[in-house]
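Next come two complexes built around chain A: one with chain B, the other with chain C.
== the complex of A and B ==
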């Protein structure tokens, strides 16, 4: 019954709508930081998608007549000890990186939203229980937590995604909770309460939409961070295992030949950096579009 | 103050207990059990049972847990399972190395970033933004460089190319000069990202303070710019800077694992990797608890320093 009166409730700053309308009005594409991000990310994305049909050696294909070759037109990033094409391997690694980045961001976003909203909205015992666990997880430096978790869960892509997500979810819960806490006391929530809006309605219609923008910004930073952590784990030999290429384990392979073939380790690292910088500009741009004061 | 410290200490102890509990039970989640995971396919039947007995895996979970707590409380860290070396001995050798790297990094990054950040704030305050813009851009990119990649690039240029620093070799503590040279590159790699963060925070904190009334008053009294900047502005900006130094310690610990691995330095990080690779869960759980303890204690200290510097702070 109460719901009938709700359209009259003032809703301020519907953030998701703002994202939609910003894209619709081409503001999104004309923002300088977003443009820079797209210039960095789109070519990498396209190359990764079309890697299988590009005229180059397959990532796992060896060629003993072309070992440790200097970068050339044929092998853009050169070749390694077994004559494998580093560029092709790098693109295969980017595929893994992007998979890890987006999976971690999605998992952290979903769990962070749900648990953070519950903790912030209900307070009391629920809040205390959730935040005690969160504080325990936050007592581990995040890379070390991920290292500890893969040591238990084993190597490979699924354990890596789970380990990095588990390290990130507590941070998202904390962010969401603090947003919900500050929203909870705002006038438009009180207004909705006075017209008897249900708790479910308050959470899904008034609280969560207003927290989305900040969470999406955090998610794109988390994606960049997850890509760096996956690369670090694989570099340490604890993440994605060879022969399956990942940016981290390609760099690790090249470490032994640093003196004879510097390109094996250094060039894939440049790609990691470009992706991270791109995602960072993207999140910066989105934040500025949604909240022009933060510029 | 005492009440505040006691409250924080109680909080810290609860977190530490939580950390230990989490580590203990997570390691019991290994499919099969720790003994068979360790042995792989090498042991079977009776031998595996012997290993299980040694690790106490057949005791009830709760008594294993209590035993783990008791051993930790008495600082009885046990032995590595594979090589039967007391873990305390390993730590006594490895921990000073890792802590030296961490401390040297903190000192170096403070020495570089505070003047740099202050200068950037000062120039921005005067309307000259090039240093500020350059610093912000550079800091962002440095912050996003994977540290293992930075380490390899620096190794390539300065060790293999120019031959300024040794890339490997024993740490001989009787010859401090050689140790300093050996640890220089790892410290530089870790300092880069620390400087990136710290310089940015210093800039923001100082810039904020420069607009305060007391800074204007100090200026109007005819003090030199340098004196105003360092005596009045920087002193009041110290609080956020100290906090960030404390908070970034966790990242620093993660970073030491990577640089120790690359530069083959026998610190705690390399011990951890070796422990994971040989599936020595006794060693791994001790080290993970140790890392968390270090981090929690540093955070606790940061909180106390914060409270001492600014008694207004309420939590």
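== the complex of A and C ==
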């Protein structure tokens, strides 16, 4: 059918995926909000990774000869009432924060994807069962829910992660379900159904890949939120327990001495602020890149 | 009525208008130097494909462009006054008051949470300086004029309580109620059924004539232009390529693009063996600068000069200008010639084997409020091997439900469906029928993978063969759907449908989302494939000219029933059911001479709700010849052994 052939535009090489991701990377790094976020987050991340090999006092090590010292070259953020190095403790706290953030995002993503896809795709009884539970959870503010769950499950990092995840998973289910509902009626699903594609095939090949982008944005927001919730819980004495450092409990420890040694609470507080602002800009930037209309 | 004879003075004049869209990938010159004038009381149609800049041009007049569009230069003279440099505030005094607008989608142009009264009365009070009572009377008067039944009651309705056609009538009433001198209508009937379209066009025509308003009418439908316009501007790639009186444009088009467009529409006299002329290629990408004539790549008459220098509009008759270096475009009196010789004229002869059989098929949908939508009501149809069955009817007549039933996407409430072999589908919307995350190769291979046909290399070979079979370069396999144009996507959809060697392909409005110049390519492809592969087609469409051309037999559906069935030519030449007659009458024919002789009034009213069907003939509420017998007793379609069937008491 020679006469029907269209003047084919030259195929781009190397493969389109590679070109696409190169463009995406370029756009990603040139986005102003993303740049700002990276300026804030990359130094914090590098310091946290290299904390164990940096020449400074270990986070749990006390030094009773150097209590409540003003920040200096030796102790960048000063020391607390037991002579512990605040900078070293802050970096250890950031480690915990990042662990909590990533774990919560991963848990919420996995459970949200699976349950949301099932609810949206099958509808009926499965949908009603899942969504009733989701609605009950959504009726509580997430911090309040986390506080309640931690007081039941006890303190420590695992209960904190579980508590925050449990508060986030329902939101992810909601989001995934609504995406699946709108995808389910698209013509390409019908096209696959006309060749008797299995439901597993429809979900894994057609539905989940098209919901991934929005879910990843939601996950990055959830990670930022989880870091703040962990800090809040630890500040309230419900999260990570001293002497194990966490940004929240360092701030809590220092608040008694605000007048004599303001740096104990303030400097880790500033780090929390920087992380929160950085993650906020990052998720905002990612969202704008994925959906240009939201700008 | 206060009829004013149109005085020949210029009302609107565009001088070298430029409109740009700043996008992340470059500046799109949507309107690239457009100049023309509209006289008072004159109806000017702007025709062009999507992306030709016709809407951007119209929106630029009142600066109603959406972001990132911007008027980049030129003058807009309304009554001799340049309105292109007015402030927003000053322009607002003109919008609605001197210039009324009617857009394509009446649902998004009406506020969904406001009653019609609120949306109509306040602009009338402001524009005509009337008090609330007078304005309300005025609004009701206009609603009555545009054909809304019981306007006193309907004025208190919300937009969602009205049908699409009724909403468009409200839009027209709103636009005309301020007695504007100019009405800009941007594809006002595109979203509507052909019968409703005929009504709306009639309303626009009589009311603008009555009030003496001029009109700028944007459309891609050349048939409508012939019915409606005094003058025509043909746009291509942001410029006007031809402008003139409607009779001249249709009788002696001078630009190759106009000549080609007119050639691609299947005429009522065309034989099936004649190949539909088609315009090769695609419109240019407006992000890149164009050297020379924008149409040169698709033009058979292009020569060296066309590649260097863009032609300007020059006189080629009285009030007739065209932008082409060749004085007569493709040649004297020429239209586009088919590229390949015609098909061998093999009249269709069924060999008796039935591929699809529907027996007493019923389908009902339960709605949430315990109501039953009766979508398909006792349909019997047969499709023979190698035959194309065309199903036509207004939206809501059940034709798409039949397609879904045939494919097993819905289960019938009662009745049998028999299919010898496999049914596959080509969907209407080429944008949503592919998974955006899959390559074209993956999409075409999907049916083979799901059905576990062949090894991986065999499937790869099959995909190459299928993609070239539909006239695409096999390199397309590596691309993603969003990198393809609408016509290319529809070819891919055909390739996917053919992957499993189906015995019947169901095509639900496969060309309605495509541009006119690409439509003919797809129709030719379908007809060729049918002849080469001997598969049957069920072709569902509201485009009667295309159905007549492509189908061997036609089933006309109304409210879930087949009201007439027969050979395509016979049904068209001699429609026996009053509904078929009305449908065929409503089709705009791209010939102003035929259109001006048109005397019959369009079919009145709209499709009744499928929630509560009438007891007698379903069509009785709109039928000009309905009697008491029709309202009481349902006419039955004769048994399906007959070659010609009509469900009407008075058809013979």
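Here is the rule we use: the second predicted complex is superposed on the first by the 270 of 295 C-alpha atoms of A that agree within 3 Å, B and C clash if a C-alpha of one lies under 4 Å from a C-alpha of the other, contacts with A are read in each partner's own complex, and residues count from 1 in each chain.
The rule we apply is simple: contacts are C-beta pairs under 8 Å (C-beta built on N, C-alpha and C of every residue); 3 or more make two chains touch, one makes a residue touch a chain.
Bear in mind that the values here come from a model prediction, so they are computed numbers and not experimental data.
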| item | value |
| --- | --- |
| Partner chain in contact with A:30 - chain B first, chain C second, else both or neither | neither |
| Contacts of A:251 with chain B and chain C, given as first, second, both or neither | first |
| First, second, both or neither for A:259, with chain B first and chain C second | first |
| Touch count on chain A, higher of chain B and chain C | B |
| Touched partner set for A:190, first chain B, second chain C, both or neither | second |
| First, second, both or neither for A:269, with chain B first and chain C second | first |
| Touched partner set for A:205, first chain B, second chain C, both or neither | second |
| Contact footprint of chain B on chain A as seen in their complex | 132-133, 135-137, 139-144, 147-149, 151-152, 224, 228, 231-232, 235-238, 248, 251, 255, 258-259, 262, 265-266, 269, 272-273, 276-277, 280 |
| Complex interface listing, chain C residues touching chain A | 24, 280-282, 297, 339-340, 404, 407-409, 423-425, 427-429, 432-438, 443, 446-447, 450-451, 468-473, 475-476, 478-480, 483, 488, 496, 500, 521, 524-525, 528 |
| Parts of chain A lying in touch with chain C, wherever the complex brings them together | 1, 3-8, 11, 15-16, 186-188, 190-198, 201, 205-206, 209-210, 292 |
| Footprint of chain A on chain B - complex, ascending | 14-16, 18-19, 22-23, 26-27, 29-30, 140-141, 144-149, 152-153, 155-156, 160, 249-251, 253-255, 257-258, 261-262, 272-273, 275-277, 284, 288, 291-292, 295-296 |
